[in-house]
Structure formats: structure tokens, C-alpha cells
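As written, the chains take the letters A, B, C and D, and residue 1 is the first residue of each chain.
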Amino acid sequence: MVALLGICGSLRRASLNRALLQAVAENLPADSTMQLLDGALDLPIFNSDQVEPAAVTHLKDTMRAADGIVFAVPEYNYSIPGGLKNALDWISRPVVASPLRGKPCALIGAASGMSGTIRAQTHMRHILVFSDSPCMNQPEVLIPRAQERFDAEGKLNDESTRALLVRFGATFAAFVQRHKPG
Amino acid sequence: MVALLGICGSLRRASLNRALLQAVAENLPADSTMQLLDGALDLPIFNSDQVEPAAVTHLKDTMRAADGIVFAVPEYNYSIPGGLKNALDWISRPVVASPLRGKPCALIGAASGMSGTIRAQTHMRHILVFSDSPCMNQPEVLIPRAQERFDAEGKLNDESTRALLVRFGATFAAFVQRHKPG
Amino acid sequence: MVALLGICGSLRRASLNRALLQAVAENLPADSTMQLLDGALDLPIFNSDQVEPAAVTHLKDTMRAADGIVFAVPEYNYSIPGGLKNALDWISRPVVASPLRGKPCALIGAASGMSGTIRAQTHMRHILVFSDSPCMNQPEVLIPRAQERFDAEGKLNDESTRALLVRFGATFAAFVQRHKPG
Amino acid sequence: MVALLGICGSLRRASLNRALLQAVAENLPADSTMQLLDGALDLPIFNSDQVEPAAVTHLKDTMRAADGIVFAVPEYNYSIPGGLKNALDWISRPVVASPLRGKPCALIGAASGMSGTIRAQTHMRHILVFSDSPCMNQPEVLIPRAQERFDAEGKLNDESTRALLVRFGATFAAFVQRHKPG
């Protein structure tokens, strides 16, 4: 069994990226499950002068327990959301004990424009080099005009996107298996 | 006169990047001044479902009033601090009225390692393309082994760094003048 | 008058990026002209052990004479073409005398997919930071599904793209004027 | 046994990056070997209108036969050398049959300045996402002030660098093993 964790970079209730993450969860192979975190990024701004908040410790434990992590990465200002980056700043300390170290990761993103979060995902890949997290290359999930692919309840209604997500889930489950310790 | 604003990406009290920004302020040409913001990044995580906090409105007004902005960009996890990105996410909305639109910017950064925040500044430059902010190319201020260049009170004690900052300040003041409207 | 130089990163005869550059040239404001270079990138691979080829010296002179340069940047392998990069490697030496130093630049790109050369243009922007070349931020010209926008002779037949190019040309002409020395 | 291929991005005879690659080859674990390519990047500029040169076909075959590839990536103009990129443009076609597809890769780089080729390696990592090549994250080999670490014959004479290369070689050999098909 492969136990995945899904983290959405947006705090918006009607986030298209959360809807996309939900669609990934619904299209995983039979041997895989995904837990979706909600509200986990609603943290104070990282400040190394301060004691680690309990919510950060909890987030670290949850990440550590997962076999692999899928990040849904909205693009704000040509980069990843500050809230997502802030959570990474908290959980990456101390560096040697980061829950991301060696953790298999994959990225997805949805946008209303044509770029499909290319720039944000590029930044996120840099960040995962620092934490020495194997990050799946392909298939990339870069969804342009995402608002046309989900209904009013946030359900995916585009079959080509669903086929991509099925392939993404199967490839990532195998990727996680390959990187399992031992 | 050129009225600059200095924004430090770190909230730490003993931040080397704040010390570097202070050193820039102390080595500006005679026709220029710099106001240093303190605590301005200590904001809630951006959520477009929520009303803009008063602190964000104040930050926008302060940025709008400046002739140019110097960002001190620490590098966390190979990118800019989440707190700095989060502030940019707040102030960039609505996009057409962003206080960064057309605002001359420049970057500085200090790190304890050898890279001198190269990766973080690269990400920050992407972000400023989105906001259509002219960002000075050279001289780049990428300070490696920064802890060896400041004393216990955060005062710069390295003359080659000071010479660089003098050149940086003079070049940026001219850059801001060139980009003044009208 | 503003005398622009257009450099296409592709050597293909039927290059969509050359067609796009041609369309820029045909939609410039009245006070501007653009010379399109052909075959200028067909150079030996850069090797600092070798003497500068005459074609490189000629390219440098041509770039130096221009008021501004428009680079059409195809995306190969998520970056700029090797041939374009190789030409930049030749002309950038010696660094202090690079014809790109201080030269106003702008980027355009066309692709058959959805990304419109976003990644290639991002790399090109980094490169122009090194050469201290002011590079226009906006409007970005990132043309997805470009093959649907040109006819068999390479003539632009899409009015929304033409409107973007008109705005691009006018904005870049003003950008070049602002950066003129003296 | 792990049979590695080493490709140096510079054509210079006295290239520090070739010296670094040679030092990697001399410090591999007992079960690994590395073949160093010489002159393989001295190709015509890529042009999809032209027939693939025999040297490109040979390079593809050599890459395909290797278990993993180490790229020595000098930094020219804040990116990878045009000659290296040009070789990648040739060998990556057709995309589905690229010899880089699924091929384990690792990066090293040496520079005379402080950055140690950070920017060039970042671009190279993007490129390897396109070709779906697993690229080792850590340890990164970013050698600043490289001219102080090699003698006049290009022999490594810095023990901390040698220790890094030993760790690099052992980690990459294991990385290649993990990614072996079947």
C-alpha cells in the first residue's frame, strides 16, 4: 500500500487547486490512498527567534508518516504561494531532520490562464532540490483554463484531464515504491 | 531627492539581511534617503476569501509613496522567505493597482554560505516581471560568508562590501531617477 | 528614430518564431524600424582557445549599432536554443565590452503547445541580468498554439495576436527611448 | 558494475570543469567506471531542416549505452554553455526516443568566482525535467574559486573537494543502481 499526503497551496474555499487535488485522490490506483490536509498552511510567519508552533510539529509528523506527498501549487505572482513557502520554511528546520528529506514528491497545478502554473512549479522544484526530495519529472500536471474543467461543486468534468490524472497517479505510486527505503 | 523604502525579508531580530539593508541606508548618495520597514511582513497568510487586513493597506500605501524599493532577500530553502512572498501576494491585488507596478526595485542578500542568496534573488526577479517592476540588474549584491562582515552589533566592518554598497546605492538612485514618471 | 535589431533563435526555414519576429517588424510604430538577422547564429561552437570568427565580430558590430534588440526565443528542451546561447557566449567576450551591456532588449516566443516558451524566456531573462541589459517586463509575448495563428506563408492571421504585437512594439520603442544614453 | 559517462560542457583544453570531471572519475567507488567524452560537443548548430550528423548519432548511442551520465556544467552568461545545449538539442530528437529519457544524471560544476555554477546547474535541472531524466539532488558539487584547487596539470589538490567528490561518486552509483530498469 502507498499512503500519500496531499497539500494544497491555496487557502481559498473554492480553490481550483484543491479541486484538482481531490480529483487526483479519486483517480489513484487501487493500492494507493491520499489524505488531504485542510488548513495546515494557516500558520504564523516563520521566525527563527520563535518556538515552533504546535501546528508545525503536527504538520511535520503528518508529512513524515506519508510515503509520498503531492503538492497542488497555485501560481501567485509567478511563484508559489507565500503560505505554502512559509509552511516549508517552518517544517524544514532543522535541515538534517526535515520531513521532506528523501520524501518522494510530485507537483500538480491549475490556473485560469494558459501557463498552468509552469513558473510556480519550476520554483517548487528548486526548493525540493534543497530538501533532497526526489521529485517526479513526468507526467507534468499543468492545467490551463482550469475553470472550464470543473463544475460548480468543484468536480472534474473533463475526460482528457482525468486521463492525465490517472496516469499521474499510477506513475507516482510506482515512483514512491521505487524510493521506499530498504 | 530620491526617497527609498527598504524591506527586509527576515523577521529575525539579528538578521544579517537587516544589517545589510541598514548598511545600504548608511551609504546612500547625498540626494537619497531610505526608510526601513520593521515588522511589516508579520501578516496573516494570504487568502482571497478574506478582507484585506489594515496592515496590508498600510504597506501598500507606504510602497506607493516610495520612489524605489530595496528588498533584502534572505534565502530559505533555495527561494525567498515565505513571509516576504506572502506580503507580495497580499499587496499585489488587484493586479492592475499593485503598488509594485512600474516601481523601480533592487535586490540585496546576505548568507552564511557561499551562494550569497543567488537562488532567492533569481526567484525574486521572476516575481518582479509579473508586477512589471523595473529591477536593477547590476551591481548585484550577493554577500557570501556574511557573518564575517558584520560585528556583534550588526555594523558592517568589511570595506570591500562597503565599496560595493556605495556603488549599489549610487547606481540605484540613478536608476530610480531614470524611471521617474513624467 | 528607433533602430531595432531582430534576432531569431531558430535556424529552421519555416520557423514560427521568425514569422512572429517578422510580424513584430510589420507592426512597429512609425518612428521605429527593425532589421532581421538571418543566419547569424550559424557559428562554430564557442571555444575560448580559438580566435573570434569574423562572423562573430560582425554580429557584435551589428548588435552594437542597434538601439534595441528583440530576441525571438523558441523553446527547445525547456530552455533557449543552443545556437542562440552559443552566439551569446561568443559575443559576450570580453565581458566589459559586450555589445549587450546596457542594450535595451525584449523577448518574444511562439510554440505549438500551451506554454508559449515561458521557460525559455525565463532562462533568457537570467542571461540578460549577467550582461546588464535592461529587458522589458511587459507585455510578454508568449504565443501558444502558434501554428494556428500563421498561414502557410508565415503571415500572421490572428487579430488578437496582432493587437498584442502592436502594443509590444509601441511599449518597446518607448522603453528604448528611455534607456538611450545621454 | 556501474558504467558512467562523463560529458564536459567546455571545449577549452585547460577547462577546470574537465579537470573536475577527471577528478570524479578518479574517486569513484570500486564497482563504477567513467568514460570521458572528448570533443563530442563540437557539432554544427542544431537545425531540424538538416539530417542528423553522424557525430550526433554516435553521441546518442554512447549516451544510451551508459548506466548514468555526469555533466560537468561550466557557467557562461548565467546559464549552461551553448555548445552543451546545442548537443542536447540534437540528441533529444525524436523526443520519445531521447537517450536521456529515464537516464540517471548528476551535475557538477567549477567556477573561478563564488557562485560555483549555481545558475547554470539550475538551468540544466530544468532541461532534464523535459527529458524525464532522474537527476540526483544531493550532494551538489558547486566548486567556487576552482583555480585554487587544481595544480598546473589540472590535478585536484584540495582534500575537502576530494572528500566531496568521493561522496558524490558513491551517492550517484547508488542512485544509478536504484534507477536501473527491471
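Here is the rule we use: a residue touches a chain if its C-beta (ideal position, glycine included) is under 8 Å from a C-beta of that chain, and two chains touch if they have at least 3 such contacts.
This one's a predicted model, so the numbers in the text were calculated from it and none came from an experiment.
Colleague: Could you quickly compare A-C and C-D and let me know which has more C-beta contacts?
Modeller: The greater number of contacts lies at C-D.
Colleague: Average the CA atoms of each chain to get its centre, and name the chain whose centre is farthest from that of chain C.
Modeller: With centres defined by C-alpha atoms, farthest from chain C sits A.
Colleague: What is the distance, in whole Å, between the centres of chain B and chain C, each centre taken as the mean of its C-alpha atoms?
Modeller: Between these chains, centre-to-centre, one finds 30 Å.
Colleague: Measuring centre to centre with CA averages, how many angstrom lie between chain A and chain C?
Modeller: So the centroids are 36 Å from each other.
Colleague: If you average the CA atoms of chain C and of chain D, how many Å lie between those two points?
Modeller: Comparing mean C-alpha positions, chain D is 29 Å from chain C.
Colleague: Scan chain A for residues touching two or more other chains and write them down.
Modeller: Correct list: 119, 122, 126, 129.
Colleague: Which of the residues in chain C end up touching chain A in this complex?
Modeller: 114-116, 118-119, 122, 142, 144
Colleague: With touch defined as at the start, can you tell me which chain A residues reach chain D in the complex?
Modeller: Residues in contact with chain D: 122, 125-126, 128-129, 132-134, 137-138, 140, 178-179.
Colleague: Give the list of chain A residues in touch with chain B in this complex.
Modeller: Per the stated touch rule, the residues are 11-13, 41-43, 45-49, 76-89, 92, 119, 123, 126-127, 129-131.
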